[in-house]
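In what follows, subunit A forms one complex with subunit B and a second complex with subunit C.
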Partner chain A sequence: MENLTRRLGTGIALTSVALLSACGGNGSSGGDDGSGPIRIGVSAPLSGDSAAAGTDIVNAAKLAVKKINKEGLLDGRKVEIVQVDDACDAQTGTAAMRKLLTQKVVAVAGGYCSGAVIPETMITDRAGVPFIADASTNVEITERGLKHVFRTIGRDDKQSEFAARYMVEYLKADSVAVIHDNTAYSKGLAEATKDTVKKLGAKTVFYDAITPGAKDFTSFLTKAKSTKPQAIYFTGYYADAGLLLKQAHELGIDVPIIGGDANQDPTVIKTAGRAAEGFTTTTAPLPDFIKSTADFVSAYEREYGTEPGPYAPYEYDAVNVLADAIARAASADSEKITEALHATKDYAGVTGPINFDEKGDRVHPIYVTAVVEGGAFVPGKKLDESGNWVDAKG
Partner chain B sequence: MRGISGLTGLLDSARVKIPSLAVFAVVLLAFPSIADEYWTDVGVKVLLYVVLGLGINVVVGYAGLLDLGYSAFFAVGGYTTAILVGNYGVNWWLTLPIAMLVAAIGGYLIGYPTLRLRSDYLAIVTLGFGEIVRVTANNLEFTGGPDGVILPFRPVLFGYELAGTQSMYYLVLVIALVVGLGATSLTRSKIGRSWESVREDERVAEAVGVPSIRVKALAYVVGGVIAGVAGAFFATYIGIVSPTSFTFLTSVLILLVVLIGGRGSLVGVFLGALVVQGTPEVLRSIGDEWRIFLFAVVLIVLMFVRPLGLWPARTRRGARLAQSAEEPPLPEVGVAPGEPLLEVRGLTMRFGGLLALNDVDITVGRGEVLGVIGPNGAGKTTVFNCVTGVVRPTAGKVVLGGESLIGRHPHQVVQRGMARTFQGARLFSDMSVVENVLVGMTARMNSGVLTSLLRLPAQRREEQRAGRQARYWLDFVGLSDKATRFARELSYGDQRRLDIARALASNPLVLLLDEPAAGMNPSEKADLMELIGRIRDRGVTVVLIEHDMAFVMGLCERVLVIETGAKLTEGSPYEVQQDPRVIEAYLGVDEDDEGDEDADGDLGAGPDDTTAPTLTKGQ
Partner chain C sequence: MNDFLQYTLNGLTVGAFYALVALGYTMVYGIIRLLNFAHGDFFMVGAFLATGVLSLLTGSGLPSGLVVVVALVAATAAAAALGGVSARIVYLPLVKAPKLSLLVSALGLSLAVEYGTALSQGTGFRSVPHIGFLSAEHAIGLTDGVRLTYAQLGVIAVSLALMIGLYLYVTRTFTGTAMRVLAMDQDAARLMGVNVERTIMMTFIIGAGLAGTAGTMYALYYPQVNFLMGFLLGLRAFTAAVLGGIGNIPGAMVGGFLIGLLESYATGYVAGRWTDVVVFGVLIGVLVIRPSGILGERVAERV
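Showing the complex of A and B:
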């Protein structure tokens, strides 16, 4: 035992020496060698509960690469997708990202769960490799001052702005009710909406949380009704929205009810039935809402025989804007691509024109309203570039 | 399942194969220089799972408490560090002890109220605990909800930032070594033996002097602290903690480290972590689509091929027999030889409507050998159970050397100088002979967690003395030549002798023997009589329950007869044998029934374990 203790003690001492001598040796391992295919990494959940969404994202990326290679990019070099499974998990995601970096990807376009994308972008940013997020709306992703992080989808706080403006400017409501369900996403959206409503000069007369899964919201809604709001914004999830709508209808609440993007689900219509008519959600445009995505949707369907998922157009745009940046930089160097991405000007993406602000977010992230009409969600309104409310379709 | 042998195994193989150990150390140290950043990253995660595996090995491997929610402690450690650093800007190094403390409190909170539950219920409770922690973190604001907490700061040591892959690798390697050494120190001490004894047979462990509830809670606390450390490093390395990192699957993966590697073995834990964390990454090269499927296949195949794990603790026990023996001095007691040492007054035990004992008085003088006889189910073992605190009597007094024992736990009764054996010798069968004896000394040893962890001189002296005394007791009962065998490998007669040695190891004033001669052949019985005679000659007071009248008559100066829960008579063997009531009640019973003895014989506390006297009377 004594012997072993001494031996292990020596081991620890040696380890400490090695530890100190090894510090600082953490250079970037990504990068391009100037020949062969240009590699773009795509991290997405390919196992676990979200595997379907992940596969959809990878498919969209491959579709984009097919188009890019047909058109030709840089000195006749081909673009290649390196896909990697991040399992929607921080630990797997960081390993996946380090794996991508050893495979010499020049950039990454992808991600799904914010919990995985946040640590993944820490690693790519350290390595100087740009990461374009296609589906993660968490504010933190672009709020950390990381130079190499971009995204093609809007962020949670932009939705609250959109929702508040819709109620106050479009519906001309002076007093609104905001209802959340105490989950982080829901509460965050509700609080930000309340703040913007105030900024726009209107009042939030009712602000409270339901208990998710409670089934009976009548007394809650009666209380809300007594404050006489002119619009109601519900930031919870679709599972509760159906019953909420139904019971509001029974109580004779006839002011517009708007839901956050977590309510963009047919279950709401199924549960509420006729009471769902007129229910409006604030959401990123669904693929079939946007004229510019029509070609993408049909190309996707031709290629894979199935409809694209909600984030496929954003991933398609992410890969395309990356190719555009590579072409403008005339280089496959990660830092030069990053510079070019920051300089992107009105790139015509299928989800609309793409410009990145200094944080890497889209300058005018597009939100639309979707309205239930005849038992289905149809396009409602959106804000155009000059701030006017126009039809969302087109 | 095997216990202490982890490091000993390493030590033994090191003697033979120092080169292989050296190569292993060199590979561990040089790995980040050989591997690229990605594989170094995998290395960090393997090492983190080594730490977690060491922790759950204490809980599951040693103490035998199936924990399906171990990731809860991992989460607690991670969140503590993340919140303190991320939200409050606390110095990272300061958060480490705090994370350990919070995880320890978590271990105590989950442990203490639930440890009275049986193991399968306990597993469900731990499962629930794991989910509660995750769901709570998912819903609370200060834990960042589903988004989790981001750690913007990286720990700094001597001016070097420690979040890079390589520096983290070495840091976690050091932590794994420290935790490995600490866990080994604990498991090789009194504490480790207590954990194993509780795993083997909790009630017996308690009855031979192990404070079982405290020992189990301690296993949870130690396991919690280790997971807390791992969590703090995990949070720092990944840069974010969120509820998705601490799911039921995480708990299962940590459990797999021990199941795949082999319980109770350091090398096993390392191999298990390598498989659990390494295989999914190796399989990436085959393709992401098949990765998880193939991982599952690998796990299933491994469990088929190596059901006990890749590297289970060795089959030969590590703890060696001391070279020399030391006779423990008989404990002091203010009772002169011949004066009453153990006094039982009005002992009454009711199980529901069943009167198992009715107003029994027993007085045993110091140095005396008292026989207790009576027909099956008369309540003899119930007397032992009441006296030793296994069950609390409905009424009556039990006084040992002037101190009342009513309301004491069995291990406290052992501490106060009364030890017992069991019908059918309930040994800790997966522990060695000498370890069984050492467990019997628990009540007489003072070392705590910290002294054992640090192997302070006082603790080492105590362990060495315990080893020499164990040698003495094994010499005393004649088992020294079998000291390193598993208890289960002993012959029946040897098992009975080991049971007695384990009880003697607590150095008792009073020794209660429950049918020591049952099932023995005549020559074994003769040996046993001689042994009990020597125990008496040491000055130990002996009370024995026995059916073999010749055995009782040959040993005891005085015999007490119990029938239907009450004292029938008491006197010298000759007087008792002549008493017509005794002849009617007991001696008339057909001796052939002896093999069916003792429905009441167990340690059981409930009426199920006690045959009603009325049912067996006249059998």
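Showing the complex of A and C:
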């Protein structure tokens, strides 16, 4: 039943998107016929639980396109965004990709939930259209040998290693609880973390999944508490994290609670209130932690009047690195763009230099912890080159 | 033992929400044999309205107890009004139509309310202001480590009071009697002078009002609201109504608390990822043995 309603809902959303974009362009011109605007697809959840993150991603893409069009790209042709709602759902996502392909996009930059991006990239890869993921960190996305898949964000196995080392080495926890929500991203991160915790000589005493959207996690947390973990790692999404923190506080759970990068959202703090204090996330450096993103942050704030979310700079870089590849390829042909993307060398993105390895993964992604202090996320710790924990700021 | 007590308290609190929402499903089904898909959305509208009132009045200097009461009354009234209006516009014209038309109208209304809310309020999560006396610090210590918070106590007490009130209303008042008569035979009821339209409207108003109250308490207890929040809860509440015996008011209460407790014990003693399997497995088991639900024995007398 839930699926039916959701599908009907997104069906309506998709139809309206299709209508809008049909009216927007001059219809017949595609990306690869050498005239008209060059179309870049952006898929993101624009309805449902993760809609806030999705809107942020689309905004970042639009900002990048604005800049690209001002500077001019290829033979004076404009770049145009075709946005679609994937609703964080595999079926809606594949339908959205087919829609994008009929709109003749030359490439896709976007995505949020790994569970949707995994099937989406299968469709685009088969069509020979490159897909640059800005936020989806599940290992599988780039592990299937798909030639046309890239990402500007790090992978879960890198994050899980960082999270496990933070708990076991920095917090000196011998026993940890790992909680996921059974989605592809969350489960992948949780499993990898559990493995690394074991490798580091500590125990995972509690490993279980919540039902996303269930709102009441008190019984779940009561059970987790009874296993006496010294740290808790939650790999689900921000909508559930706030309630989880509040209810953990109510149950008197006082061990450190750490969240994966999908919890990097002010909603967590607003929902949990004081119970959010001390909550730590493992994340790619936030926009205001890195000097090179300062210009992007101020441009985003000028344009939209709000702060960019955690993935906005990665989407901004994804669209920009794509434009760079189009310029270097001197062509809007999807295969040529893919080749140019593979040849990317030290592109100066706002999130740091961008290089792709042979799988399409970003080389050397950095992770940091962010801690809630005084109702806001502030920089926590990171690992330096020699493996010591140092302050993340700077 | 302590854990068991904690699981029970958690289960009763969640169950109270299910039971309150299940009442609306069961009343409407009892009277016009309609699975009102939009019922979970009445709950959602109540939660949004309460959030609006709370945001507006928190920090206005009014005592927080009064703010909560104002939010409860306003959200209940708004949800009741929405229930009445939708009965008038969507359901009453279709009472004599094939049941499938009614069902599809309910589905349509549900989507219209959900996406109408999404358009006007946004698709993200909105946080609900925290009310001091409902925070974790205010609790009654039961045994070592197990606490009953004022918020939990409030949810359970208000729900029980409303359920008893509703039971008395349906069994002791004229309109209540009319509802029960209508549930047995609509044509006979009309011949006996029952105002059928008015009684159906009243059923929707009361059911939606209860959902609005539940929505307010839900927003206070789980302080974030979203336009799709009514769906998952509505599904559970509907399950509760079926488990208890759809059309039967005490059945909805029993079903609600039972589903809440089952969920809690399944999470605690099996595993969180198995909760739905256990709960719905039990549901199927019960329905195989008692197809009309736990209290749904006397099919003749619904509501």
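Methods note: the second predicted complex is superposed on the first by the 214 of 394 C-alpha atoms of A that agree within 3 Å, B and C clash if a C-alpha of one lies under 4 Å from a C-alpha of the other, contacts with A are read in each partner's own complex, and residues count from 1 in each chain.
FYI, a contact is a pair of C-beta atoms (placed from the backbone, for glycine too) under 8 Å apart; a residue touches a chain by one contact, two chains touch by 3 or more.
None of these values were measured; they are calculated from a predicted model.
When the two structures are aligned on the shared chain, A:88 is found in touch with subunit B, with no touch to subunit C. Of the two partner chains placed around the shared chain by superposition, neither subunit B nor subunit C is touched by A:337. Once the two complexes are laid over each other on the shared chain, residue contacts for A:253 go to neither subunit B nor subunit C. Applying the stated contact rule after C-alpha superposition, one finds that A:182 touches each of subunit B and subunit C. When both complexes are overlaid on chain A, the residue A:210 reaches subunit C alone and has no touch with subunit B. More residues of subunit A are in touch with B than with the other of subunit B and subunit C. When the two structures are aligned on the shared chain, A:102 is found in touch with subunit B, with no touch to subunit C.
Look at A:46: by the touch rule set out above, it reaches both subunit B and subunit C. Shared interface residues of subunit A, touching subunit B in one complex and subunit C in the other, are 1, 5, 8, 12, 46-48, 182.
Within the complex, the subunit B residues that touch subunit A are 7, 10-11, 14, 21, 25, 29, 32-33, 36-38, 41-42, 45, 138-139, 141, 144-148, 150, 152, 158, 160-162, 164-167, 170-171, 173-174, 177-178, 181, 234, 237-242, 244-245, 280-281, 284, 288-289, 291-292.
Of all the residues in subunit C, the ones that touch subunit A in their complex are 3, 6-7, 10-11, 13-14, 107, 110-111, 114-115, 118, 122-125, 127, 130, 136, 145, 147, 149, 218, 222-224, 226, 228-229, 231-233, 235, 263-265, 267-268, 271-273, 275-276. Residues of subunit A that touch subunit B in their complex: 1, 3-5, 7-8, 11-12, 14-16, 18-20, 22-26, 29, 46-48, 83-85, 88-92, 94-96, 98-99, 101-102, 113-116, 118-119, 122, 138, 140, 144, 182-185, 187. If you check the complex, the residues on subunit A that touch subunit C are 1-2, 5, 8-9, 12, 46-49, 51-52, 55, 182, 208-211, 213-216, 218-220, 222-223, 226, 239, 242-243, 246, 249-252, 267, 270-271, 273, 275.
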